[in-house]
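There are structures below to look over.
There are two complexes below, and they share subunit A, which is joined by subunit B in the first and by subunit C in the second.
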Partner chain A sequence: MLALQILVDGFAISALYALGATGFTLIFGVSGVLNLSHGALMVLGAVAAWAATNELHVGAYLAALFGIAVTLIGAFATYFVVVRPLQTSRAIPKEETEIFVLTGTLLWGIMIQELIAYFFTDNAKTVLPVVEGVVNILGVRTPQNEIFTAIICWVGIGVLWLIVNKTRSGKAVLAASMNPRGVTLLGFELSRIYIAIWAIYGVLAGIAGVLLGMFLGVSSYSAGPLTGSAFSIVVLGGLGSVSGSLVAAYVVGYLETVTAYMINPAYRFIPALLLLVVVMYVRPQGLFGRR
Partner chain B sequence: MRNLFRSRIFWIAFIGCVVGLLLPLKVSGYILGLLTVAYYFGVFSMAWDLLFGFAGEVNFGPTFLIGLGAYTAGILNGYGVPVYPCIAAGAVMAVIGGVVLALPALRLRGPYFGLTTLVAVLIMMNLIVVFAGFTGGEIGLTVPDVLSVDTDTNYYIALIFMIISGAILYALSRSPVGLILQASGQDPIEAGALGFNVTKHKMTAFVISAFFSGLAGALLVFYMGTASVGTLVSISVGVQVIIAAVLGGRRTIIGAAIGSIFLIAAGEALRPFGELSTFIVSAVALVVILFVPSGLLGILTRRGEHA
Partner chain C sequence: MMRPSSIRRVLLGGAAALASLVTLTQAQAADPIKIAVIAEAQAIAGASIPQAAQLAADEINAKGGVDGRQIQIISYDNKSSATDSVRAFQRAVSDDKVNAVIASYISEVVLALEPWAARLKTVMITPGAASNEITKAVHNDYEKNKYTFHGYLTSAELAMSVCDGAKDILVNDRKMKTAVIFSEDAAWTTPLDAGYKECLPKIGLQILDHIRMSPDTTDFTPIYNKIEGEKPDVMITGISHIGVQPTVQWKNQQVPIPMLGISSQATNSTFWKDTNGAADGVLFQSVSGPGIAMTSKSVPFADAFNKKYGNFPSYAGYTAYDEVYYIADAVKRAGSTDSDKLVAALEKTDWEGTIGRIQFYGKEDQFTHGLKYGKGLITGMISQWQDGKQVAVWPPEIANGKIRFPSFIKAQNP
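Our next item is the complex of A and B:
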C-alpha cells in the first residue's frame, strides 16, 4: 500500500522534475549556458497564471496559457537582455564568459523574484487546477490533477522529442549541440537556433511552472530550490544530455519521495545530494553525459 | 618596492585604509556596525577572488568554508572553550574541510568543480538542520562569548583583520606563486608542460582561501554572537560573496573588498525603498557586469596601468 503510494506520487513529481529540467539541459547542451534564473522563470509562470484567475477572473485553461506565455516572454528577455550581451561582449575574455553568464542570470533571477514578491507578496499561491476530483488507482486515492500533470509532462517531452528528432529545424538544434561550428558551415544561422531553443525552453519552463503551481503551489521563495533541483538533476543525468535528465529526474523524484514517506520529510533532499556527490567523484560527466 | 608606490591600486587601498581608521571619530555606531560586517564579507570575497581570479576555479560554495569555520568555533565555544582557541580551531577546520573537498574536486574540470562545491553547501545546510541539537538548526546557534562589547573595538578588529588579510592575499597574488596560479588557471596544460605542478598550486590556493574564509567566519560569529544558515551558509550569502568580487573587479583582490563594502552600503542606502532594495542592488550589479565587466576597481584604474 505504502509502496504503491510512493510509486504513484513519485511518478507525478518526477515527471514534473523531468519537464522542468529538460529545457534547462537543452540550453546548456546547445549554447553552454547554465541559466540560473530558471526557478524564477518557473515561479513567474505560476504566479502569472494565479494572477490571471484571481485578479482578471479568467478560466483555468486561459490562465494556464497566460502563465506559459509570460514565462516565454521572460525567457526571451533573459536571452536578449542578459545572456546575449554577455556572450558577445568584447570586454569579457572568452574563458570567463561562463562565470559572467552564471552571475548575470543569477542576478536576473533575483530581480524577477523580488519583483514578484513586491507586487504579489511572497505568500504561497496555488494555481486553479484545470482538472479536479480524485480517482482510485489500485487502492491509492490520487487527485486527478496529479495524473493530468504526469500526462502533460510526458506529452510535452514527447513533442520535444518529435521536434528535435523529426523536423528540419529540430535536427539543426541537435546538430548545434554536437558541433556548433559544423552547423554554421552548413549555412544555419546559429543565432536563430539559439532563439529557437530559448523559445522551446520558455514554453517548457512555463508549462512546468504552471503545473507545479497547480500541484504543490509556489511562492517567490521557491525560485532558489527550483533552480537547485533542476541543476542537480541535470548534473546527475549528464550536462546537456536530455535522456540523461529524464532518468535522473526519476531517480531524484523517487529518492525524495521514498525518503519523505519512509524516513522523515525533513530529510527529503539529503539522499539525492549524497548521490550527486558520489556521481561527481566517480563519474563527473554524469550518468549519460559526454565529457 | 618602487613599483608598489607607483601603482594606483596601492594608493587606492592606502587611502581607503586611512579613511577606515579615522572613521570611528566621525560616524555613528550604527554605521560602524554595518562596516564591521562588510569588512568580514570583504575577506570572504578576497579569499574567493584568489581562487577564481588567479587559480581560475569557480567556487560556488564559499559558504561551505565560511560555515565550517563559523560553526566549529561556535559549537566549541558552547562547550566552554575560550574565544581565541575557538577561532583558531575554526580556521583549522575550514582548511581540513577545504582539503577534503578539494582533493577529489580538483581532479574535475570546468563547471564540475564548481558544481561539487555547490553541492557541498547544500549538504551542509541540510546537515545543520538535521543535527539541530548541536547546531541550533534553522533558528541558529547562540554563542556565549563575544569578541568585545565595544563597537569601536569590534570595528578595529574587523578593519585590521581585513587589511592584514588583504595585504597577504594581494602580496601572494603578485608573487611568483600567484603568477604560476594565474598561468594554471588560463592554460593548465601549458603550465604543466612548463614543469609546474598545477594541482599542487591550485590546492595551495584552495587551502589559503579556506584558511581566510574560515578565520573570517569564526570571527564573524563572535562579532554577531550567533550563527545561522541564513546569515552564514545559505546560497544567497555565497552569491553575495561572488557578486561582491565580480562587482569590485575580479583578479584584483582589493576590488573584492571594495565590492563587499559597496554592496552593504548600497543595501543600506536603499533601505527607504523597502522591499525593492534587493531588486535595485541586483539591477545595479547586473548593469555593472553588463557594461563594465572589469568592475568598480576597473573604472578607477582604467586610465592608469594595467595591473
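Our next item is the complex of A and C:
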C-alpha cells in the first residue's frame, strides 16, 4: 500500500521537476548560461496566476495562461536585461563572463523574490486548480489535480521533443546545443536561436510554476529551493543533456518521496543532495553528460 | 537691607528663570511620545502590526494626545530576521529616542530582543509572539528583564484556550475521543505541545500521535497519510509559519479529518483568497475577529482598520492596537515616559481592549508580565472559515454561527 502511494505521489512531483529542469538545461546546453533566477521566475508565474484569480477575478484557465505569460515576459527580461548585456560587455574579460552571468542571474532572482514579497507578502499562495476532486487509483486516493499535473508536464515535454526534433528551427536549436559555431556557419543567427530558447524556457518554467502553485502552493521563499532542485537535477543528469535531466528528475523526485514517506518529510531534500555530491566525485559529467 | 538695584536684579533674574522654565515645560508638552514598531512588514500577520499601531496613534492624537503630547509611531521592517530586529531596536533607542517598542509576532525574534530591552532599559511589548520563555525570563530575573511585556497569550494559555473550546465543541457536542497533535517545529510550539499533551487527555481526547513538522515542509501528503492511518477524530494544530500549504493540500487530498487549533495564518482575512477557498471548514483559535464583539471595541476597530487599509487586521493587529492604547494610558498614569515608571504603571494596567480585559501577571506569578487568562479577562475564541467568512463558533456568548464541515470530512454533527 505504502509502495503504491509512493509510486503515485512520486510520479507527479517528478514530472513537475522534469518540466522545470528541461528548460533550465536547454539554456545551459545552447548558451552556457546557468540561470539562477529560475526558481524566482517559477514563483513569479504562480503568484501572477494567483493574483489573476483573486485581484482580476478571472477563471482558472485564464489565470493559468496569465501566469505562464508573466513568466515568459520575466524570462525575456532576464535575457535582455541581465544575461545579454553581461555577455556582450567589453568591460568583462571573456573568461569571466560565465561567472558574471551566474552572479547576475542570482541577484536578479533575489530581486524578483523580494519584489514578490513586497507586493504580495511572503506568505504562501495557491493557484486555483483547473480540476478538483479525487479519484481512487488502486486504493490510493489521488487528487485529480495531481494526475492533471503529471499529464500536462508530459504533454509539455512531448511537444518540446516534437519541436526540437521535427521542426527546422527546433533542429537548429538542437544543433546549436551541440555545436554553436557550426550552426552559425550554416547561416543561422545565433542571437535568434537564443531568443527562441529563452521563449521555450519561459513557457516551460511558467507551466511548471503554475502547476506547482496548484499542486503544493508556493511562496517567495520557494524561489531558492526551486532553483536548487533544478540545479541538482541538471547536474545529476549531465549539464545540457535533456534526456539526462528527465531521468534525473525521476531519480530525485522518487528519492525525495521515499525519504518523506519512510524517514521524515523534513529530510526530503537531503538524500538527493548527498547523491549529487557523490555524482560530482565519481562522475562529474553527470549520468548522461556529454563532456 | 538690599539696595533697590539688587532687588531689581534678583527679580529680573527670577523672572528670566521662570520664563525659561515655562518655555521648557511647553517644549516638553509638545514633545511626542515615540513608539517604535519593529515588525514583519512582508508577512500577513506582521503587516497589520504597524498599521494597527498607527491607527491607534491617529485616534489618540485626534482626541488631543496624552496630556497634550502626540503619539508618534516609527516603524521598522525587520524582514522576519532576528538580526535586523536587534539593529532596528538599537537604532530606535539610541538614534530615534523612542519611549517604548512594540515588536514582532515571531518568538525567536522577541527572545533575541529581550536582552536588548534589558540592556537599553526600554519597555518592549510583543503583539504576537507566544513562547513561554519570554515571560519565564522576566520571572527568573525580574530586575533585569522587567522591561519586557507579553501582549499576546503565551503558548501555555493558547493550549488552554484550544482545550477549553475543544471540550465543548468536539468532546461534548460531537463525542470525539481521539486526536493527533499536528504542529510545526518552532520555539513557540514546544510549550504549546506540552500544554496540549497535558490538557487534551483531561478533556477526554486521547492523543494517538504527536507530529512536529519542519516549517520548510512543502508537501504534506506523507504526513496526512500517516495521520489518516491512525484514524484520529481530529487534528489539533499548532501552525503559524506554515498555513496556506497544509490547508490547500488537506482540501485537495480530501483528508477526512477536521482540524482545530492554532493556525495563525487562518486568522488573516486574506486566508480564504490565499487558499482559494480551501480554508472552508478550518477551525482555529483567535483572540478576536471581524464582526465579532469580543468587547465593545473589537468591531469598531476592525471596521476602522478595514476602511483605512482595505483588509481586516491579523490577530497581531488587534493586540498592537490595544498596546498603543495601554502604553498611552500607562504614560498618562505615570506622568512620565521614564522606563522604570512606565514599567510600574504598565504592571497596574487594567484596560478594556479589543481582545478582552487586559491585566498583567505579577512578579510572583509563573508568567510574569504575561496577559491574564480566564473568564472576564481574555478567553480567546474558536472560529471557523465558512463561505469566505470567519464565523465565531465558541464561546457561545459571542458565537454568530454553527459549525459546518465540508462534505469530505467525516465528523458527526450534533
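Worth a mention:
By definition in this document, the second predicted complex is superposed on the first by the 291 of 291 C-alpha atoms of A that agree within 3 Å, B and C clash if a C-alpha of one lies under 4 Å from a C-alpha of the other, contacts with A are read in each partner's own complex, and residues count from 1 in each chain.
Here is the rule we use: contacts are C-beta pairs under 8 Å (C-beta built on N, C-alpha and C of every residue); 3 or more make two chains touch, one makes a residue touch a chain.
Predicted model, so just to flag it, every value in this text is computed and none were measured.
When both complexes are superposed on subunit A, subunit B and subunit C sit side by side without a clash. In the superposition on chain A, contact of A:Asn54 is made with subunit C only, not with subunit B. With chain A used for the fit, subunit A forms the apex of an angle whose arms reach the C-alpha centres of subunit B and subunit C; rounded to a multiple of 10, it measures 70°.
Judged by the touch definition given at the top, the superposed model places A:Ala117 against both subunit B and subunit C.
When both complexes are overlaid on chain A, the residue A:Ala266 reaches subunit B and subunit C alike. In the superposed pair of complexes, A:Leu128 makes contact with subunit C only, with no contact to subunit B.
By the touch criterion defined above, A:Pro143 reaches subunit C but does not reach subunit B. Once the two complexes are overlaid on the shared chain, A:Ser243 sits clear of subunit B and of subunit C alike. Of all Cα pairs linking subunit B with subunit C in the superposition, the shortest spans 5 Å. The interface of subunit A with subunit B overlaps its interface with subunit C at residues 117-118, 266.
Residues 42-44, 47, 80, 185, 213-214, 216-223, 225, 242-245, 248-249, 252-254, 265, 268, 273-276, 278 of subunit C are the ones that touch subunit A when the two sit in their complex. Within the complex formed with subunit B, the residues of subunit A that make contact are 34, 82, 85-86, 89, 91-92, 95-96, 98-100, 102-104, 106-108, 110-111, 114-115, 117-118, 224, 228, 231-232, 235, 239, 266-267, 269-270, 273-274, 276-277, 280-281, 284-285.
Interface residues of subunit B, counted against subunit A in their complex, comprise 52, 56, 58, 104-105, 107-109, 111-112, 115-116, 118-120, 122-123, 126-127, 129-130, 186, 235-236, 239, 242-243, 246, 250, 275-276, 278-279, 282-283, 285-286, 289-290, 292-294.
Looking at the complex, you find that subunit A touches subunit C at residues 5, 9, 13, 50, 53-54, 117-118, 121-129, 132, 134, 141, 143, 145-146, 215-217, 219, 222, 225, 257, 260-261, 265-266, 268.
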